[in-house]
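The structure's right below; bear with me while I get my questions together.
We just call them A, B, C, D, E and F in the order they show up, numbering each chain from 1.
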Amino acid sequence: MSVLNILAVVCMIAGALVFLVGAIGLLRLPDFYARLSGVTVAGALGTALLLLGLLLHYPSVENTIKIGLALLIQLATAAVGGNAIARAGYLTKVKPTEITKFDDLAGSSAGTPAEGDGKA
Amino acid sequence: MTYLTWALRLLWFPFYAGGEIVKTTFQVMWDIVTPGSSATPAFVEVPIRATGDLEVTMLANLISLTPGTVTVAVRRDPSTLWVHGLYVEDRESFQKEIHAMEDRILAVTRPKGAPEGAKSKGGRS
Amino acid sequence: MVLLLLLIVLAVTVASTPLLNRYLGRDSGWPIAAVFLALTVLVALQAPQVLGAGTPLEFSRPWMPQIGVEFSLRMDGIGWLFTMLVTGIGSLIMAYSTRYFPSGPRLGFYFLMSLFAFAMTGLVLADDIVLLFVFWELTTIASFYLIGLSGPSASRPAIRTFLLTAMGGLALLGAVVLLVVRTGTTSLSEILADTSWTGDTVFVSVVALLVIVAVFTKSAQFPFHYWLPDAMAASTPVSAYLHAAAMVKAGIYLAMRFTPAFGDVLLWNVVLITAGLITALMGAIFALQQTDLKRLAAFSTVSQLGLLVAVIGVGTPAALVAAAVHTVAHALFKSALFMVVGLVDIRTGTRDLRRLGGLRHRMPVTATVATLSALSMAGIPPLLGFISKENLFESFLHAPGPGWFGPLAGVVAVGASVFTFAYSFRFVYRTFFGTSRSEEGSKEAAATEAGSGFWLPAVTAAFGGLLLGLTVPALDPLVNEVALNATHQAADAHLLLWHGFNTALFMSMAAIGIGALVSWRLRVGDTVAGRDLIPFSGVNVFEAIHSGIIRLGRRTGDLTRSDSPAFHLGAPTVLIIALAAVVAVFGLDLPSPAGQTTVGLDWVLVGLMAVAVLAATITRSRMAGLTLVGVAGFTVALWLFFLGAFDVALTQFLVEILTVVVAVLVLRRLPRRFHPVKAGRKALTAVIAIAAGLSAGVAAYAMTGRRELSAAAEYFLEHAPADTGGTNVVNTILVDYRALDTFGELVVLGVAGLIIIAVLRSSDLLPVHASRQVVVSTDNAAYPAADNTVLMRTVGRYLMPLLVVWSLYLLFRGHNEPGGGFIAGLVGGSAFALLYLAAPSDARARIRLAYPAIIGAGVVVAAFSGFLGFVDGSFLKPLHAEIPLAWGDYFHFTTAFVFDVGVYLAVIGVLLTALNELGLERGTPPGRSGTTTAPSKDEGDDEESAPAVESDATVLNGSTSGGKR
Amino acid sequence: MTLAITIGIMVAGGVYLMLQRGMVRIVLGLLLVGHAVNLLIMSAGGVFRRDQPLVGSGTTPFMADPLPQAFVLTAIVIAFSIAIYMLTLAASGSDDDTEDAS
Amino acid sequence: MEIIDIGIGAIVLAMAVATYRILIGPSAADRGAASDVVFFGFVGLVAMMGIRLDTDLVVDIVVVCSLIGFLAALSLARLITGGKR
Amino acid sequence: MNSALLPLFVAVPLASAGLLTFLPGPLWLRRTLFLAPSASVMLAASWLIWLTRDGAVYAHNVGLWPNGIAIPFVADVFSALMLWTTSLLALVCSMFAVATGDDRKTFFAPLVLVLTAGVSGALLTGDIFNMFVFIEVMLLPSYGLLAMLGALGRLRAGRIYVTVNLLTSTIFLAGVALVYAAAGTVHLGELAGAAKESPMVAVGMGVVILALSIKAAVVPVHGWLARTYPFASPAITALFSGLHTKVAIYAIYRLYALVFDGDSKFLWIGVVAFTLTMLIGVLGAVGENTTRSILVFHMISQIGYILLGVALFTEIGLMAGVFYLIHHMIVKASLFLSTGAIEHTHGTGALDRLGGIAKREPLLALVFMGAAFSLAGLPPFSGFVAKLTLVIAAVDDAQWTVAVVMIGVSLITLMSMLKIWGGVFWGRDPQEENGDGTPVAVGSNGSTVTETIARPKIKTSLIIPGLILTATTLCIGLGAQVLLDLSAQAAAGLMDTSGYVEAVLGR
């Protein structure tokens, strides 16, 4: 087993543990909006470490490009997905926890109607 | 000269973003694994200077990628994000953190770097 | 050849009825009668051979050699007798019909009557038992339609008659089959000559009973007698021919025919005699009760047939002689009587005895005919009926069985004859004597004699009876031959009007005397007329059974009359469980496992699956249900990874995602929660589910993994690269070895797209369900779609090219590494899904490609690559070519790749279909406007009214790439 | 053994869902049963050989049977086709409910 | 049993936890968020299987998965809002 | 013949279907593309019957891969007969659809073509997994055809139809998996006799046959058929009745003969199940009140008859079964088409809302009557020969109960046919029954429609398809020896499968 291989396994196990903690966050965090952070923990750092581990295990130029690409895509899509779900939650009036300090979004102005947005 | 520093900023950005992600991840993880919660959540309106689709998207995504914050809504004109923060001490300090991120992003998306006086433009003065 | 000629002439007659009808209308009866008459003469000319020399005419051709059935005909004495009746009486009736009906076309009548004559002739000539059955059924069919011709009110009687006689036919079929299987031949004469089966008491009894049922139904014997009066709904010529002279005689014929086999079977004797005499007595009494002339004649027929059946049951040569004579006598007097009924009916407009009377002055010929026939029927000398009656009495006295049986039979027969005399008298007296019972000036009162064309046939029949009575010894050869054929014993009968004083004569005298007394003094007819002597009628019994069967049928249908898919899915499931249980109970000899199938890590997947499935079953949220089943799907994909099936795992994963994408398009139209289910049903379904799971699990464990690598697998692993040029063995199986499977699969996929479009065109999507209409807060910045979708659109803009490139990459390399047309197509399709999802409005999301055409093109391309294979000798045989590349390498090209392109196109087409058809609000359907308000409208998604593909696949505006917007 | 248990679990869950009310749950149940049968096909090849059948990679004696994999791939696509059609049926007409009352 | 199996076990446990969250909700949005975790878990597991099964073919698969998985999240978000974009 | 051409039975209709999805062309061209494949399949099948009439078996390894590796396409006289009949029905039903205008509905033509291609594939293939695929190819278009055309309840029926069929296909696939697990092959030639030797193969194949029995609507899994078929459009019901359950029946015959080698151990199960099917089906029929639901229940009953041939598994039983199968496909379709013509024209098939049609439509009445009598087994139609040979086969095998049930059932069959006849063709038209001859119709919602509605005349083009089929049943009945010969040859091929095995494996 080479050093890289050991590093790879370490990376992966670390990633898996981060991931698990993020998932546990789904249970422990107080409200939907907070739980989204648990999702991000798993989806960003957790997944990233796992992909990194994979790259360390199979280091090659081709794999570097591919895994780099995969990581970039993963992060970008996870973020957009998180945003989409957060927004969906807010639109459907998912109650924030009572300890929420304030909500600037409530009653916020939607701005000038943009093209393609119909009559809203 | 500008382009050289831009290239450097560009190369450094992933490390900056990675660092932010790691930092905030550990903050949230700590909160998860320890009993109780130190959360002080709030929805914060954050006026931003980023204008192009790419800039807005990068900023919003970076916010979403760092655990503890998530972009909930976007407005293009005037450019504004509404962000849910898990650890919000007060509105201004939170906006400042976001603007710090925005600076890093504008420094990458604009060869000339982020414009000075970030807070003066869109802040709730 | 005479026999064949007979049938051919009759068939030609049937075929020519449309032509005759067109030119002659009701007068078609004349030429037909002429043909029948000619045939009668032809048959009569055969008498020297058939009756004189005793040599039957025969004809035979193979028909269904596989089961030994032949088209064979045979005319012996019995056959000759009945053929004469069919053609002779037929000739009279056809002539009579020309005046019975008002002028006008009579196609149905003449067609069916000639068809009947054809069938009846075939029946009595058939020497193949199957052929006999065929003609037997044909007569039933002809009768059915002839009754039905009389209009709507006749339809029920026709159906009743048909069903009852068909039942008899089926009994006959049973007998036929038993005999054919037992004797190994279908030849009637061989079967009857074969003694091997007549010794087997059980067998012979069963066959005899079946034949008896056939005889009884056809010849209207108790307890099946009631159909005959019912059938009087038919027109009078039909009744005269079918229900008096010919068809009902089919039963008599059959009984005579089978006498060689059953004549000395006691069961046969007893049942025939008993039922026959009961029928005779009962029919006579009922006849006496009637006020309708035609019903009187019908019951009289029942009664006379009873006598015939009973005497055949006696089974001696003398009895058969009697039967033969009475058959002839009855045919003549009964057809004449029916014709009289028709004459009276047509001339007076009624058949009601209570309104008729005194017609002898105004209709003298008819009266004469009626009197002659009635005298024959009543058994008065010197008519033929007298002679036959004498012979009947004589035969009954010698009936087999215990000593008292014969005399008792004789007494009952005399009793029946007493009533016969009475109703015959009543028939004639009440119609033709006395004075008219109708008011002056009514049609009845003013009726006059019909033209000679109308009454001549009746006169012929009636005088025939007289003539034959006077010259009765002429019948000797006939009746002796019949008796010989029927009993295989010589009868040596000498028919005479005067036999001297003997028992039979006394019986006759007693019958006539008492009959006269009863008629004259007691006016029994009027006394018993209209009374219900039996508390139920055959028709009622029939209808009760009929509706009982229908009720039972309804109940049977109710067993499965459920529109719940669960019900129809449950039945097969339970059946499978039962199969598993049976196998488990009986056990299987299982080989030992061929290897270690369990790896420790597998257990995590088991756990994950258990959690996902359990959660999926208990949740009531539709969204949770969908995602939890999705989790199970992911777990399956992971399993596939664990099992070394990367292509499959990837496919499974992609399909899972796309299923979610499509399902969401649908789920948003439905309530948020599943329909509630009662606890009892939950428990029941849980029990079934657990049993099913147990069966599947045990089967999977016990019945797999117990052999080494299959020969085919070894072949694939060893030869795939050499055979196909590909190293990804799974892919080579898909596009090379088993390309046909894949072709089918791609068609299935493509068709799914087409039917989605077709069904939605025909039915419209659900409006978004009321309880589904999510309350969305609109008063904040998260609401506007255009601004808030900017993130996904921006990311999508960069992802799109990647998806396209990656999809092509996967397409090209599939042959060697995971990938291939299907996976590539899914990735490519995902690009469109992304476009759809990230669009700020439905209008922007619409993809303007003619996706049905893409599907079709996929199929055509795949088929085309298949056709290319014929160059090398087989459909879908991949062709290979090494294409030199600029940099000196070679690109290995194979038509399997073209095939893969076809797959790719179909997949893309289907995904586009799903997104566009399910994902977009369609134009409000006509007739439903205003009832639905899709929330997307409220939310500002502007609606374009022109759908992308409106007409059926004729629009191909594929120039606009979705990626450009 | 593990695969058999998985199959059992999926069939049980699938059958349960399939026998409930409403087209969507029936579809989900049928999907689960379909997946289970796909795993059964994999199992039929003998799951003690788990190397993927790519000639040149892995060691031939441990390569999995490729034929069931091809079967499953075909079956997945067919099931997917029917699934999206069934979902269309669920969304057509008046409701996805399949019964008048539970 | 290899060391990496610990990681695999952890991820599967995480997926199971997320599955539980899908079940209990309470909001549709919670379910959507939790399904995201399941999906990420899948990608992570595929990566780990690459080491476990000793093949780098999983790299391509990971790329495809991250490309496509996005669709599920966006779709579910649409479902949460009842189709509102 | 070059047996490499066998796949064309599948490929040509599919290619034509593909073209029809996007070919703009004029209507006549599209109709040609629609009708020509079935017609040519029928011609080719006739030729195939001619070639195989003496027991020859033609086999081709698709793609020319080695024996046992390739998917074989096999044609013997049995499959050739089935091909001929299915293509005849496809052609005739397509003609009917052209007459009703159904063929102009979205994708109707390509869907029907795919359906027939699937049928041909399932009939020709010598590989059970491939059979699964082609059964799906046959089913998918059917799912659409059922739900896109037809009566009010068609969507609900469509749901039952698709879910039951999917479950059944899944069960089929599970059986295939078990067979492969036990035998290591799905190739019918290699599987010959396997179930007789290996109980594991027998169980797997048993599951397959059970799935096919569900598809064939054998009691007790017949309910779905009665709740779905009546809701399709008449042409589609006719097509389905002729094709779908019959392919399943064909497969049961083929698989039991090949893989079980006619093992007598299990025959009693079939005897019991199929006898019940005859009985329950006919009782269900007689209890119904619309033309099509009566006919559909009959189908179930007749499926019992047909399958008894294989349950007897004697030379004469198989011959009778094959003969019955061919006869039934033709007759049933004819009945559906002739009642369908009424339904299409008068808008209802309810017995109490029709009447007196025989007088107004004598030709149609003749067409219906011939087929109805044939169905009930009356001479001189093919149904008589079918019933006779089957009863002989049952008696020959000493299956007394079966024989008695068969005969009894045929009486109830006649009874229900007469129910239709009396309700629709004879009797009074309820539209004319309102007193003084002012026709009054009852609207679908029960309200009385006041305007006079004259019964329209049924188009001849709607009658001709049924006429063709009724004429065929008459011809088959009169010239029974031809089909009996072919059926006997088919039976011989099923009794002794060595010819088949030799053709697909070269040994």
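By definition in this document, a residue touches a chain if its C-beta (ideal position, glycine included) is under 8 Å from a C-beta of that chain, and two chains touch if they have at least 3 such contacts.
Here the structure is a predicted model, which means the values were calculated and not measured.
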Third chains touching both chain E and chain B: A, C
Intersection of contact partners for chain B and chain F: C
Higher-contact pair (C-beta pairs counted), C-F versus B-C: C-F
Most distant chain from chain D by Cα centroid: B
Nearest-to-centre chain - CA centroid comparison: F
Per Cα centroids, the chain farthest from chain A: C
Interchain centroid distance [CA atoms averaged], chain A/chain F, Å: 56
Inter-centroid spacing, chain F versus chain D (mean Cα positions, whole Å): 29
Between chain B and chain A, distance of the C-alpha-averaged centres to the nearest whole Å: 15
Gap in Å, rounded to a whole number, between the CA centres of chain F and chain E: 47
Sequence positions of chain B contacting 2 or more other chains: 57, 60-61, 71-73, 75-76, 80, 82
Multi-partner residues of chain F (each touching 2 or more other chains): 129, 133, 136, 140, 143-144, 147, 155-156, 158-159, 163, 167, 174, 177-178, 180-181
Overlap residues in chain E, where contacts from two or more other chains coincide: 8, 13, 15, 20, 28, 32, 34, 53, 57-58, 60, 63, 67, 69-70, 74, 76, 78, 80-82, 84
Complex contact set, residues of chain D against chain C: 1-26, 28, 31-32, 35-36, 38-40, 42-56, 60, 63-67, 69-74, 76-85, 87-99, 102
Interfacial residue positions of chain E with respect to chain A in the complex: 3-4, 6-8, 10-11, 13-15, 17-18, 20-21, 27-30, 32-34, 36-37, 40-41, 43-44, 47-48, 50-51, 56, 58-60, 62-63, 66-67, 69-70, 73-74, 76-78, 80-82, 84
Partner chain D, residues of chain F touching it in the complex: 129, 133, 136, 140, 143-144, 147, 155-156, 158-159, 162-163, 166-167, 169-170, 173-174, 176-178, 180-181
Residues of chain A that touch chain E when the two form their complex: 8-9, 12-13, 15-17, 19-20, 22-24, 26-27, 32, 35-36, 38-39, 42-43, 46-47, 50-51, 53-54, 57-58, 60, 63, 66-67, 69-70, 73-74, 77-78, 80-82, 84-89, 91-92, 94
Interfacial residue positions of chain C with respect to chain F in the complex: 62-67, 130, 133-134, 137-138, 141, 148, 152, 155-156, 158-159, 162-163, 166-167, 170, 173-174, 177-178, 180-181, 546, 549-557, 559-563, 565, 567-569, 571-573, 575-576, 579, 583, 588-590, 696, 699, 703-707, 709-713, 715-716, 723, 736-741, 743-745, 747-748, 750-752, 754-759, 761-763, 850, 852-853, 855-860, 863-864, 866-867, 869-870, 872-878, 952-954, 956
